[in-house]
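Each in structure tokens, the structures are laid out below.
Common to both upcoming complexes is chain A, partnered first by chain B, then by chain C.
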Partner chain A sequence: MADEDRIWKCAKCDRRLEKRKTVFSYLGHTVAHQVYACPGCGNVFIPEELAEGRMSEIEQQMEDK
Partner chain B sequence: MKLEDATSYTARCFHGDPASCSYACPFRMDIRAFLEKAAAGRWLQAYKTLRNATVFPVVVSILCRQPCRAHCQRTLLGDEAIAVRDLEAASIRYAKNRKPESYVIPPKDKRIAVVGAGVAGLSCALHLAQKRFDVEVFEKEDRWGGALRNHPRFPEFDADISLQFSAVQAEFRFGSGVRSLDELAAFDAVYVATGAGGNSFGLLDSWEGDLFTTSAPGVFLGGALCGASPVEGIAQGVRASLAIEVFCQTGKASPAYGRSDENFCDRYLRHEGAVSSARVEASGPDGYSEEEAKAEAARCLQCDCDRCMANCEMLRSFRKNPHKIAVEVYNDMGVNPPFSVRTVTREAYSCNICGTCRSVCPVNVDIGALLQFSRVARTSAGIHPAALHDFWLREMDFASSEGSFASAGEGKARCDYAFYPGCQLGASEPEHVLRSCEFLRRRLDAGIILGCCGAPAYWAGDEARLRANTDRIRRDWNDLGKPALVFACATCEKVFGLFLPEIQRVSLYEVLAESDDIRPAGPFAAAAIFDPCAAKDDARMQLGVRNLAGKAGVALEELGEPNRCCGYGGHMRTANPRLFREITGNRARASEKPYIVYCANCREVFASEGKECVHILDMAFGLEPKTSVPSLEQKRANSLGVKREIMKKTTGVDFEPETHEWDDLDLVISEEMLEAMDRKLISAADLREAIWLAERSGRKFYDESDGMCVCSMVKPVITYWVQYRETAPKTYEIYRAYYHRMRFRGEEPSDG
Partner chain C sequence: MTESVRNTYSVCPVCLRRLPAAIVKRRRDYFLEKVCPEHGGFSTVVWRGDHPRFELWGDYTPPVESEDMRPDCPNDCGLCPGHLQKTCCVVVEVTERCNVACPFCFAWSKQASEDPPVAQLAEWFRRLVEGGNTFVQLSGGEPTVREDLPEIIAAAQAAGCENIQLNTNGVRIAEEGNYMKALADAGLSNVFLQFDGTDDGIYEKLRGRRLFAEKKAAIEACSVARVGVTLVPTVVPGVNDQNIGDMTDFGFLHSPAVRGIHFQPVSYFGRCPQPHGDQDRITLPEVLQALERQTGGKVRISDFAPSGCEHPRCGFHADFLVMPEAVVRMTPRTETCSCSRDDGKAHLRKRSHIARRWRRTDPGGTEECPPGGGCPDMDAFLHRIQSRAFTLTAMAFQDAYTMDIERLRRCSLHVYRNGRTIPFCARYLTPAIP
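On to the complex of A and B.
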């Protein structure tokens, strides 16, 4: 199964993840992004493509500032 | 931080300064820029450079004796100097519109009298008139030109003077000789340029050549009256006009701001790779054709020092000169977001701090030291990107705590020598430490200190951590009776030299080379020695390695650029992975021959690049050279294994490493995945801990279709993620491992 087709559930709440606007912070800068999170406990899921793609780019931009 | 704190690192740098020829020029003309424009056929721009500097370009192009040519660096190659005067004539001939510009400047209320309408007086008058002073020129004859009126080419001079004065207002009082300065009492300042043997109004003896002043306030002398040639007189007129301007503003004569009398006309560069070329001769009687002139101007070497930028991949990629970097290092400490941003962060953390810039610089400017200074300042101020050095600082903490050990030897409390292998040698190849330790025990009755020299803290700019580590080492060293330390790692030896200079340092390779017991054997008949950057100033370590390799009968090649960093230095790979790959690739290709290395980090870099190489200790002890790099987890295991074995031998005590509740988790990791983890600096131990925490707390995500799980573990600086599946009790197969540096600050309600 391709990972992008997976339906992840929160193991604690047994609920399917939903997209939520989440605020990220790094080195005093903040940015908001829609990411999957558990609607019950709010635990956020970051897939590898996001971490190593857009997130990494923004991290570098924030480090450079 | 003060601006000077940063700029003092680059104060000696002369990048962007005038070339040696310009320092010889009476006008300090930017000859390099003039020739660059001429070579491109930009004649009007070249002409303007000439005119702005020389005031009367036609006069100067005919009369100048060209002192610049004696300092043309073409002559270092055995070539004739650039034909500057002929090219000046060409720029005058080919410039399409030589009409002087006029600018709208409000008039000044100061009146200046110029006595004498020779070229010296005229150049001063023109400059002051351009600045809208009220200028009157007194000339006893009925026309301008002074002594040059008798020159056969005076008609050309006359036209040039007329042209340059055509855009300014100045009063000429011909036939009005001045007999006494009392006649000029209404003027705010007077410039006397009455020619050779002319009237100085009794002031010549009090003349000060620097500012052209005399004992009479506001009266300045210059030109042939003071012994100058016509060209020097024109140059003096310009400088005198500046002195007069300052006098009118402040009431006293002082040097114009920004003007320097420094003279560096012997500051020559090394012109490696420059090709000799003969002077272009004019084919016609009227001088150069356009094409000939362009070709002659193109012979200019455009002398400007860029050796650091030309020799360093990092400086080349960021395209900033040393002065700019220094100013940015200062500016970055005082940014005020969002109105200003830092601009030199990536450079600061992309530097290998290898010292190449310093060694290629004619005046030893060390940009690495400047960027290291920036790292220290940022860490002290808490504005450093901690994630860039977090991994190595954690490894340092491990090596300095659980991995550390000190012993004078079996049954001994003190020793005269102790081996300091450093943290990476044993982590990379335990046998290198164990064999060296045994050799030194036999040879020097040496003890041992295992630990980290502090290089990760040094490179991170973390002075507090570095100091704590140094104090720890000093305690161990004192406890062993202050032995001389034997180093295998050039970086350790360098760091000790900087921060623990009281400790006597010996190179392991020197000791090995002197021993008859050691009979090195090499896998290669011919090889190049790759000296690590940290051994740059360590001639004894370099010689020891060469002697060992020589004993093995290897035909040695010296690299053209010695002591370049393999890429590992400065721990810059996290900050700039692309540049890291560029550097490691370049170093691997520096010679076609296999490498002999004596740094564990160099060996690992080249093994990763697929470059054939051998560590000198493999040759010394007859070991099979390793072609692979141990995983991050294996490196820690290797370090602890070395400690266990040495501790047992010297103290008889069995070393018990720290244990964790997650140690008994079995991870199944493919080779490909392990390589990716090493590249990302993610250790299997971190994944084991993350899975254990997730399985215990239930804080994870899962896919019920096949039991795949994914979880994260938040560490102080990095958040790790692992995607895994349990394949048997306490056995997990790893599918993905990654990290990010950002934190979630809080959730907001979904838009939907």
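On to the complex of A and C.
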């Protein structure tokens, strides 16, 4: 089952994570994305598919890695 | 006062024999100097001014070698074991013929010669791919004079070439509807379009005829066929060096069809007028200064990094996002770009860069990122990068006056000829007419 489809809880607050529009800042650019975040402490969860997919592709495009 | 900066080797411009040479600094300019026992002394400007500084442009140190270890460069080219960089791209000359008689022609195109048949080219492509050389540039002469160019492109693709670039003056692409589509359908990846400026007076001087309308039509044809096009000006002082800003603005305006501009300061090889002196040359720092000054600071010298795959003094590069409201450097400039890491893979990173930047990769459609604002999601951000990325690069080819063997040994652009791959500047090295 993909990370996106699981139910996630914040270990610190014991609250279910909710999908929220989160703003990322990267090398002077801002981009929003819907990711799971804790409604209590605000910590964000980045699923493996996002990190190794779109985020990795953005990194390659921007930094020629 | 003359200060010696670097010792190297060069060639005599008249007889092309290998000579010890030195790069010296006089006031704020740098000169390559050598003495031929038969033809006397030669001094040619290779870097003007201190902005950016010659000594700080890249951090390459040549290997320490004894005289007997040093290769007999540029003789025995093809590549010799003493070559210090792997091949990024291979230039394959598919014809010597051309449809324009340019006063400046690095390849010295001529009309009376036989083209290699497609079957022979297909064998060359197979051999190149077997050797790991999968990025090819179809060049000449003018490749589009060949009626079977689509077959040649298809042969390159069938052989396993990952990237097939066409180096062209664009005249046939402009004049013949659906021609560009035929090349794209055959597997063409991207186009390098000879493009010397935005004024027909420039073309009349450099190419012998007015060509700006044809260049614009060629760009439009590439746009319709969704093949990325990079504009390639030969920069000649007194002809188009004051047009650098206009060329750049023109390029920005035609993004994403135009993927970038690849400036080539004039070199005196092939068919060309004989240079009278240093006033006939423009150096890399001057092109950078012109870019900053003539674009009103839209791009800055500090945005640019030295060539990474080749020797630092071979050129410069920077990536930008071109948006209606601003031109933004894509990443902060680092002193040493990742592409220049000396890990034996710089040529592969450069290939990735070519595939990512010079090909047309945008998905089409309207961008979702609002002007001046952040993007609503990562897919939209990726769309923006693919649609708006624009490269400004340069390659300072060498001639017999400016040849610096230290630079030649790091060359990654090689010409395939008679089963050998030869660094570009060695392949086209031309003696001066005494």
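Methods note: the second predicted complex is superposed on the first by the 58 of 65 C-alpha atoms of A that agree within 3 Å, B and C clash if a C-alpha of one lies under 4 Å from a C-alpha of the other, contacts with A are read in each partner's own complex, and residues count from 1 in each chain.
Just so we're on the same page, a contact is a pair of C-beta atoms (placed from the backbone, for glycine too) under 8 Å apart; a residue touches a chain by one contact, two chains touch by 3 or more.
Just so we're clear, the structure is a prediction, and the values are computed from it rather than from any experiment.
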Of the partners chain B and chain C, which touch A:2 in the superposed model: first, second, both, neither? neither
Partner chain(s) touched by A:57 [first = chain B, second = chain C, both, neither]: second
For chain A, which side has the bigger count of touched residues, chain B or chain C? B
By the touch definition at the top of the document, which applies to A:12: first (chain B), second (chain C), both, or neither? first
With both complexes overlaid on chain A, does A:48 touch chain B (first), chain C (second), both or neither? first
In the overlaid three-chain picture, which partner chain does A:27 touch, first (chain B) or second (chain C), both, or neither? both
Please work out whether A:37 is in contact with chain B alone, chain C alone, both, or neither, and reply first, second, both or neither. first
Enumerate the residues of chain A that count as touching chain B in its complex and touching chain C in the other. 23, 27-32, 34, 55, 58, 60, 63-65
Listed in rising order, the residues of chain B that touch chain A in the complex are 335, 337, 341-343, 345-346, 385, 387-388, 575, 697-706, 708-710, 712, 719, 721, 723, 735-736, 738-752
Which residues of chain C touch chain A once you look at their complex with the stated criterion? 319, 328, 330-332, 337-339, 349, 352-353, 356, 374-382, 385-386, 389
Give every residue of chain A touching chain C within the complex, in rising order. 23, 27-34, 50, 54-55, 57-58, 60-65
What part of chain A is in contact with chain B in the complex they form? 1, 3, 6-12, 17-32, 34, 37-38, 42-46, 48, 51-52, 55-56, 58-60, 63-65
